[in-house]
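Chain IDs A, B, C and D follow the sequence of writing; residue 1 opens each chain.
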Amino acid sequence: MVDPIIFDIGYLLSAALFITGIKKLGSPRTAPYGNQLGSAGMLLAVITTLVKMQVGNGIIGWELLVGGLVLGSVIGAWLAVKVEMTGMPELVALFNGFGGAASALVALSEVLARIKTGEVPTDMLNLWAIWIAIGLSGLVGWITLTGSLVAMFKLKGGFTIPLTKKWVRFPTWGPPWLNFVKVGLLIASFAFVVMTVREPENALWVWALVGSSCLLGVLFVLPIGGADMPVVVSLLNSLSGVAAAFTGFVINNNVLIIAGSMVGAAGLVLTFIMCKAMNRQLIDVLFKSFGGSDKETVTRTKVGSDPEEVAMMCDGISTCIIIPGYGMAVSQCQHAVKEFADLMEERDVEVKYAIHPVAGRMPGHMNVLLAEANVPYEQLIEMDEINSEFAECDLAVVIGANDTTNPAARSGEGPLGGMPILDVDKARSIVIIKRSLSVGYAGVDNDLFFMDKTMMLFGDGKAMMSALNTAIKEY
Amino acid sequence: MVDPIIFDIGYLLSAALFITGIKKLGSPRTAPYGNQLGSAGMLLAVITTLVKMQVGNGIIGWELLVGGLVLGSVIGAWLAVKVEMTGMPELVALFNGFGGAASALVALSEVLARIKTGEVPTDMLNLWAIWIAIGLSGLVGWITLTGSLVAMFKLKGGFTIPLTKKWVRFPTWGPPWLNFVKVGLLIASFAFVVMTVREPENALWVWALVGSSCLLGVLFVLPIGGADMPVVVSLLNSLSGVAAAFTGFVINNNVLIIAGSMVGAAGLVLTFIMCKAMNRQLIDVLFKSFGGSDKETVTRTKVGSDPEEVAMMCDGISTCIIIPGYGMAVSQCQHAVKEFADLMEERDVEVKYAIHPVAGRMPGHMNVLLAEANVPYEQLIEMDEINSEFAECDLAVVIGANDTTNPAARSGEGPLGGMPILDVDKARSIVIIKRSLSVGYAGVDNDLFFMDKTMMLFGDGKAMMSALNTAIKEY
Amino acid sequence: MSLTIAALIGSITIFVLAIYLGFELISKVPATLHTPLMSGANAISGITVVGALLASNVAFNSGSPGIAAWLGFTALVLATINCVGGFMVTNRMLEMIAGKRRKKEVS
Amino acid sequence: MSLTIAALIGSITIFVLAIYLGFELISKVPATLHTPLMSGANAISGITVVGALLASNVAFNSGSPGIAAWLGFTALVLATINCVGGFMVTNRMLEMIAGKRRKKEVS
């Protein structure tokens, strides 16, 4: 009689660890601790389950279960360790898809096993409760899987076709009528759920549900531009939580219900917070496509400068603002940037970094990279605060940033319309380091490049920064 | 089969109403709505219960149940309507005590009924779970009752002995050794709970528990000074929630568990928030006595002024700060104060009110009274904001405030030590309206009265304010 | 009225979750609202009225309404006073604070 | 594995409470933490690993490990990847953001 209580206490404790973990993840100082609490909760839940199963009916396939756990851990750890900072958002999307798939698979496994062994509940209550939970868990889980996979490829920008090694840009496609198709598919999926309940022995409806929900996930993310992917991933994350909660109803386990629905709700809140940071409405993100469209052809030209010229510029200035963007992440030149800042500070120049909230490809991307390069936290200034300082700034150095500095956003029209930007164009002189005049994520031409006070340093971020640093040292 | 689900949905809905209600009560704009949600939840819970009982075994004593509900409603409504603003804190304390008592009585009724009809559970699980819930519900409930009653009398300041009509000041008494007695009593109470489980048929232990916990409640609040009562009432409020939650375990009802434990936790948070606003540590409040002690005898004297003199002072000033305190609440002179402010504004004087967070006898006391007198909200300035303005203020009018203006607090010693105060002493001239030179709640002499630039207007707040207004009009 | 272990664990889970929720619900409350919030929460803790209804009914149903029944009845009256009085007095306080402010906003 | 109505209601209550709690837990998160928070929450949603363990064991225990068993096993592997990978990648991100800052605070 005492034994079962111990397991329930274990689960309750792990739920408490999850709750506290999520809470602590929301504040900078406590976030690492929060993550540890979360993983401790997970470990506790797994151990509790294993012991409970062994004490219960006994575990037959120990090798298989442990094998699965070890295999998953090795793959997960390997992916987590080898990924580069720039690849993190993709990886999070992939993991998220796996989570959704796992919930859907558990539900599928449960329903197939029950149909096979004839354990279909006969009383209304059990039938409705369990079968609906199975259906919803599958529906949400498969949407999460395929949606997350599409989101991952969009974050990457595309994929290489196997064998041919040809790089294909991932399409963004969504005519207005697609929204009707999506609604139709959603209704069909719910109808399939109802049908599984009405004909519980018929696995056909289950497979129909799998198909419709997988398709739904793809169509859901396909029309959304790459720039909005973080919001979409966050929403899918919320869905994967919901799927886990429904799985909890299927196997009648409270810790799944608690953790899952909590992640579902917290993920939704986070989605709204992120929308707000990117100055977008969730509804627009989901149903109006934005950015990532075919790039405009560049028609204007601008003569590039060379590092020596810029080094000369850097002499005699007293304030300098560095504006990092996605290009810095791609070329991994944050250390060179830090070196540049050090050189400037040695020459008594006051250096600050202007951090746009959506610079790079994930929120906080720049902070992470610059922290890695040991840039002091106080020098990272948020957009709202630094914008007033550009007018007093002698030199603005833009490193691989584009959309976040594009004055076209002020017009309120086009894909960038209304996005708050860094007022780089107000600086006394501007240096921009990027490989070409081509456009950024949103695909909008940037007038900044063509201003008279702007010098373009064409080339890879890392190479150019190093060259610039050398030039400054030699000057 | 459908019926019971409906009841559970009713309870779940009412729990949701409580949760949303409490949340909304925490923000000024939504607070009235929050209170309505809470009462709607309560109504729903009561109706659900009545219908469920009728559908279940049937209600025998309809008259009694409805009679009890009506009787309680009438008494509650009558008390709520007739109380004056100054009496609210006492009333809240009284209600709180009733809530605790109700939980304790339900538990007591349950245990006595079970002992009488021999329905004592025989299996360990039920015995432990139910009997411990009964014990804890009683323990916490009785503490809440007696503690709240003592708190109520302390808030009133004392009571009239029946028949003799003699007013007795409620004592504050707590030698250090009393803390040991309290700990001993607490241990004894827990021992009684254990004994009820070990000898479940023996009602003696139940009554012993009633006695020890009642005594504990009294001894718990007795040493705490009247100035700290709001904190204590808030803590007792948290306890009454906990008692309700335990009662939920006794009768196995989730809505009691949810509402009760939520109030318990939220009440505790509120307790800490209030402590912080009064610049006190919870532990000091509970175990060190403060304020409310015998008043010091006043040795210094000061000649009072008359309204005409003050009316003269008021002529030609350009800024005036009004500092209301407990005395304004007692004499109900907020309308006269507002009239004074209007008169000043007609003469182009800029008028502001300085609101100390603990002025009066409950937090927000002054805001409530002044709002009643239609003082515009923008003129009520919080302490932190207005303190810098006193130096530029021509006239500070203190109406029945004392401790909140006492410069002795700055010394960091004595009962007021460290409490933040309004810097009234920095004003160019000061008028203080109170009945005498006697001390305020904390019982500390106030140097402010004896400063050269201070004029004392001795008399009841309302009478004095009216006289002053007349004098100004006639001047 | 017998309790299963699963039900007990379920109740304890709910207890723990509600406590967490209570801690999260309230974070920053302006001083003006301390008393109304306290009094509103206090009224909600009068939910024990549900228990009182059940207790007095069970006791009266048991045939011989002895002391247990009258204790339940007393609990019912006290709990109702707590709820009804609590909500009304909270309402009165809020009318004065927030009511006035709302009026101002409208005008 | 049969469900009683009381258990179902209990689960639904827990579901609702946890949703409320989830909404309350997160209020204001600085942009730097958006991605780590998302990824940490994502790792927690890998709790479905518990379900996968049960499902694959039940399926294997049932004697003839057919498709259901292997689906369960796949679920187990995927869920474990989600948890382990998720927590580790979150940790890596946080090390860079918060780790550095903490170091600064100490020095």
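Simple rule for what comes next: a contact is a pair of C-beta atoms (placed from the backbone, for glycine too) under 8 Å apart; a residue touches a chain by one contact, two chains touch by 3 or more.
All of these numbers come straight from a predicted model, not from anything done at the bench.
Chemist: What's the farthest chain from subunit D if centres are computed as the mean of the Cα atoms?
Modeler: B
Chemist: Between B-C and A-C, which chain pair shares more contacting C-beta pairs?
Modeler: Output for the comparison: B-C.
Chemist: Could you give the separation in Å between the centres of subunit C and subunit D, each centre being the mean of its C-alpha atoms?
Modeler: Averaging C-alpha atoms per chain gives centres 35 Å apart.
Chemist: Determine the centre-to-centre distance between subunit A and subunit D, using the mean Cα coordinates as centres, and give it in whole Å.
Modeler: A distance of 17 Å separates the two centres.
Chemist: Between subunit A and subunit C, what's the gap in Å when you average each chain's C-alpha atoms?
Modeler: 43
Chemist: Which subunit D residues sit where two or more other chains touch them?
Modeler: Residues 5, 7, 10-11, 13-14, 17-18, 20-21, 24-25, 27.
Chemist: Check each residue of subunit A and list the ones that touch at least two other chains.
Modeler: Residue numbers touching two or more other chains: 1, 19, 23, 125, 254, 258.
Chemist: Considering the complex alone, what residue numbers of subunit D touch subunit B?
Modeler: 5, 9-10, 12-13, 16-17, 20, 24
Chemist: Under the stated contact criterion, what part of subunit A meets subunit D in this complex?
Modeler: Within the complex, subunit A contacts subunit D at residues 18-19, 21-23, 25-29, 31-32, 34-36, 38-39, 41-42, 45-46, 49-50, 53, 57-61, 64-65, 68-69, 71-73, 75-77, 79-81, 83, 85, 88-89, 91-92, 95-96, 98-99, 101-103, 105-106, 108-110, 112-113, 116-117, 119, 121, 125-126, 129-130, 230, 233-234, 237, 240-241, 243-245, 247-270, 273-274, 277, 357, 362-365, 367-368, 371-372, 374, 376-377.
Chemist: Show me the residue ranges of subunit C that touch subunit D in the complex, using the header's touch definition.
Modeler: Subunit C reaches subunit D through residues 6-7, 10-11, 13-14, 17-18, 20-21, 24-25, 27.
Chemist: Please give the residue numbers of subunit D that touch subunit A in the complex, ascending.
Modeler: Within the complex, subunit D touches subunit A at residues 1-3, 5, 7-8, 11, 14-15, 18-23, 25-62, 65-69, 71-102, 104.
Chemist: For subunit B, which residues count as touching subunit D in their complex?
Modeler: Interface residues on the subunit B side: 1, 4-5, 8, 12, 15-16, 19, 23, 254, 258.
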